[in-house]
Amino acid sequence: MNWVNIVLQGILLGGLYALFAVGLALVFGVMRMVNLAHGDLGILAAFIALALVQSAHLPLLWASLLTIALMFGIGYVLQRGLLNFTLGSDDTRPIVVTFGLSIIIQNGLLLGFSADSRGLDAGAIENASIHISNQLAIGWYPLLVFIAAVAVIAALQLFLNRTKLGRAFRATSDDREAAELMGIDNRHIYALAMAVALVTVSIGGIALAIRTTFDPSTGPFNLIFAFEAVIMGGMGSVWGTLLGGIVLGVAQVLGAQVFGAGWGILCGHAVFLLVLALRPSGFFARTVTT
Amino acid sequence: MSASPGLDAGDREAASKGPSIPAFRVARSKRMHVYVLIASVIIVGVLASVPLWSQLSTSSNLITLFELVVLAQMWNLLGGFAGLVSVGQQAYIGIGAYGLWLLADEFHVHPFIALAGAATLAALVALPIAPLLFRLRGGYFAIGTWVFAEIMRIIVSNIQATGGGSGTTIMSVASIPFKTRIHGTYWIGLAAAVGSILIVYFLLRSKIGLGLTAIRDNELAAQSSGVNLFRSKLIVFVIAAFGCGAMGAVLGLQLLFIQPASSFSVNWTAFAIFMVVIGGFGSIEGPLIGALIFFVLQQTLSQQGSTYVLLLGAIAVVMATVAPRGIWGWVVARWDLHLFPVRRGLVMESPPERAGPAAPSEAAAASDAS
Amino acid sequence: MSVLELRDVNVFYGDFQALFSLSLTIEEGQTFAVIGANGAGKSTMLKTVAGVLRPRSGHVLFEGETVDHVSAHDRVSMGISLVPEGRRVFPSLTVEENLLIGAYRGREGDWDLESVYELFPLLKPLSKRQSASLSGGEQQALAIGRALMSNPRLVLLDEVSLGLAPVVIKRIYEAMEELPGRGTTILVVEQDVQHVLTVADHVACFLEGRISLQGTPGELSPDDITAAYFGI
Amino acid sequence: MTVVLETAGLKKSFGGVLVIDDLSVQLDEGEALGIIGPNGAGKTTLFNLMTGVHRPDGGRVVFKGRDITHLPRQDRCRQGIGRTYQIPKPFSDMTVFENVLVCASYARGMSERASYQRCVETLELTRLTDRANQRAGKLTLLNRKRLELARALAGDPTVLLLDEIAGGLTEAEVEELIVTIRDLHAEGTSIIWIEHIVHALLATVDRIFAINFGRKIADGEPEDVMRSDDVQACYMGGTPV
């Protein structure tokens, strides 16, 4: 196996992790809240898509689009109806509540879908690949996921920089009270931020579901990978999460190749701890949150 | 302000004028706490006698209660007092269980002694990890602790000697006659539970406890008063790791068979959060009540599996949003009742005579020294 | 008809009372100055008008209607715009983006990017710069411009001259003189007595949460003002 | 007289806003120095740089001849720099006695038991003994300010930094505070007092230092500084009309 292929695989895997990470970073950026149920919400999206495909017999594309729209609504209601009330002086409350949410989602899915692993079938695309040279081949699907990640991040960047609502997000992130004085209703902005975050994590969840198997307990792993990508990427920048995801993906793939299958994930964690020790504010540290 | 003897007046000569310092004493507890002490001693005494007169099943069931008490007290020490919400205490529970296996089976230390070694091992592992994790704050600290727990789980799962993912039986424990093992584990469990309460109690009564409460109330003001944030949090983090390590070892003694998926399971954190949120954050009594409630629920409802855990999660979410102080928080708000006297009350022996028109103040009764 | 009216407004911070049954009326087109020492309740009054603080009793009326129940972010679309103490521009946003945020709940009116740049020419070359890197004076001009972008009927200015060099303050006050001509009523709170008197057509002096003096600058002698200012 | 605390060429800006501009202040041992200046002049930031709440962009802070510019906050407090905050920061869930005990034990690096005596002395001095067992969060503004003073004193500071401690108090309360601070000064504690209530300063301090736009405007005898044109101008505002 030549190394270029492996590193390439790692980079493309980084795109998937970035899809999970960007929503976590957005929610933290806008309202300084870390959503411990972020990974589970991505898996919830995968199960919804699965249900739409299997019981509603919708083609995967339509099922996915419908799921993403549904998750937008779920995100808005979840924040406006519950999480907004946990924000305040005591910052341990949102952590406890979102952890409780993670438990609820996991066990709810266990009841609804049992514990067996599932997969979303995307047809031939999954194993088609592009042959560049006799040694070098890139799978179409991982490439598509990476492109989707870049597109999502670019779209989010454009949204934040070019649109009126995006500016309102950034203003609220800078100074919540001053934003209120400009006529910005924080409760609405927070709910929209969560809704947008859930759109990105749903794309990640569905992309993961097509790539490998998933089951109700997969959520936390994705939360951890998203978290590591955000921290390594630097907590201030959207593009940083892509770089963080790539570093994580490459570390895991190389680790698995060098030390054996079981050790790949561990190498990812080890690289994360290394970055945390050496450069705690990550590569792109634009705003270091104290 | 007269420079009173015995107090190092520093390098400046203090002019002795101003009101003389009236006699005073610092009341740490009130009369009712004597009754609480007596009641506690009686309860512990009764509990200690249980193995002598009850069936073995009762004893082994109560071991689980003791484990829950330790877990709840340690999680609350971190989350309730130091403001450090950890989602990774299962790392130290796992280290405790596998530490017991390591010391007992590999190094042939008697299991009951190996337990203390396992707990110390958990504390030693926590020491270097804490400074790294403290670079993260709030929610990111929580996930950071979870990452460490995952690291430990993966390492243990990939070492053949520990039986890898499928787990192992602690042979030296299995060789102890069943009755002796259950009774021995019971008493050790009871000691661990009482010990965890005493650790938190004496920590809060100490200077460290004073510093911790100050940090929780206002971090900047605490630092400006001389409290070292890093050191205080490190002490609490290592103690909590030690406590969870002990709990993991008791688990090993109780279950005999240990595997990474259960020893390092995140469900331990879910149970801990449920107990502390329901019982009440930031007090010793709260987690105790939470542990009792959870134990009763577990004994009666646990057959339903994920519905039960779903129910726990839902209750914890509702309580944390609607009644964040929990049951004991409500009791304190309602009756200002404190079973474990950790506060300090100032009692002036004689009403202080003071120059100036201030109305004579009655002796500052310690009654409201909550 | 008065643009703003405060009727017996009492405001508390926990158990500390900051305003004692305060009554005040501001007519359309006026430049109303409120002066007073630190802690006299000036900022508290402004925050109450802007909806950031809720009075424990008494009413705030805007164009004749009570607005007590209206939240701060909704008062902007009614035409009340506050330039907060310490300016509080959005540091990570550029100058232009800050101004566009000002127009978030914008009402119709002739204030737009061009007219604000006209009022504060110093801002035009800085339009693409992040506002964190602006000097104190530039940030103050930006904060005022941002408030104008919502085409308010009533602009509330809190401590405009805070930490600014005299020459900068002069330029800002000159710019403010153009506002009444465009139908904007100004309520400015200031410690810097000298400058604000050159602009104001009505003055009230606050002392410990009460009005110790009120009138037009012409009627009031410097001694009256100093006495009301220090309460001696 | 030896200099106990001084800043040399101190510089600090937040983003583009320059708050402290090459500021050098000296405080002699046992001296009481008043600091005046309009809002936004940089007074509180100066205290924040002295106590380590912020790090300066340039210049040094020297205490008893040692450079403490980069010393962490808790160590500066233990070295003997006590400070009150302009906006009181009590430990609201703890009682008044416990609030003072934190400082008496941690700032002096002594055990809790050995600090009880110091606590009662400070509570007596600041007239808080009657409220010793009350929750700090429930105190009135005056008592919160007294608690700030008590906490700073409990640490037996060599230098006491007071940040607008008389602000928002009634006349009688200010008089009481002046008596307390004059006693401290008489006992040799070096004091720097930021204050807007000029007559309180005039009754207490040996020297007044006026600051505006983060720069020194005047420094000298209290009466002379108050009469100087620059101070009048920056205080009552703008260039005199």
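We just call them A, B, C and D in the order they show up, numbering each chain from 1.
The criterion applied here is as follows: a contact is a pair of C-beta atoms (placed from the backbone, for glycine too) under 8 Å apart; a residue touches a chain by one contact, two chains touch by 3 or more.
The structure presented is a predicted model; accordingly, all values stated were derived computationally and were not measured.
Q: Would you kindly count the fewest steps from chain B to chain C, each step being a jump to a chain that touches the current one?
A: Between chain B and chain C, the shortest chain-hopping route counts 2.
Q: What chain is the most remote from chain D, judged by the mean position of CA atoms in each chain?
A: The chain farthest from chain D, judged by C-alpha centres, is A.
Q: List the centre-to-centre spacing of chain C and chain D in whole Å, with centres computed as mean CA coordinates.
A: 31
Q: Once you find the CA centre of chain A and the CA centre of chain D, what distance in Å lies between them?
A: The separation of the two C-alpha centroids amounts to 49 Å.
Q: Between chain A and chain C, what distance separates the C-alpha centroids? Give it in angstrom.
A: 44
Q: Distance from the CA centroid of chain A to that of chain B, rounded to the nearest Å?
A: Using C-alpha averages as centres, the distance is 34 Å.
Q: Got the chain C residues that touch at least 2 other chains?
A: 91
Q: Can you tell me, using the touch rule above, whether these chains form a line, ring, star, complete graph or other shape?
A: It is a ring, because the chains touch in a row that closes back on itself.
Q: What pairs of chains are touching here?
A: A-B, A-C, B-D, C-D
Q: Show which residues of chain A lie in contact with chain B when the two form their complex.
A: On the chain A side, the touching residues are 28, 32-36, 82, 85-86, 90-104, 107-108, 110-111, 220-221, 223-224, 227-228, 231, 262-263, 265-266, 269-270, 272-273, 276-277, 280, 289-290.
Q: Within their complex, state which residues of chain C touch chain A.
A: Residues 50, 52, 71-74, 76-77, 81-82, 84, 88-93, 97, 100-102, 104-105, 146, 150 of chain C touch chain A in their complex.
Q: Any idea which chain D residues touch chain B in the complex?
A: So the residues of chain D in touch with chain B come to 51, 53, 72-74, 77-78, 83, 85, 89-95, 97-98, 101-103, 105-109, 111-112, 116-121, 123-125, 127, 129-130, 132-134, 151, 155-156, 158, 183, 186-189.
Q: Touching residues of chain D toward chain C in the complex: what are they?
A: Those in contact with chain C are residues 15-19, 38-42, 138, 140-141, 164, 167-168, 196, 213, 236-241.
Q: Residue numbers of chain C touching chain D in their complex, please.
A: 15-16, 37-39, 86, 91, 132-136, 138-139, 159, 161-166, 169-170, 190-198, 226
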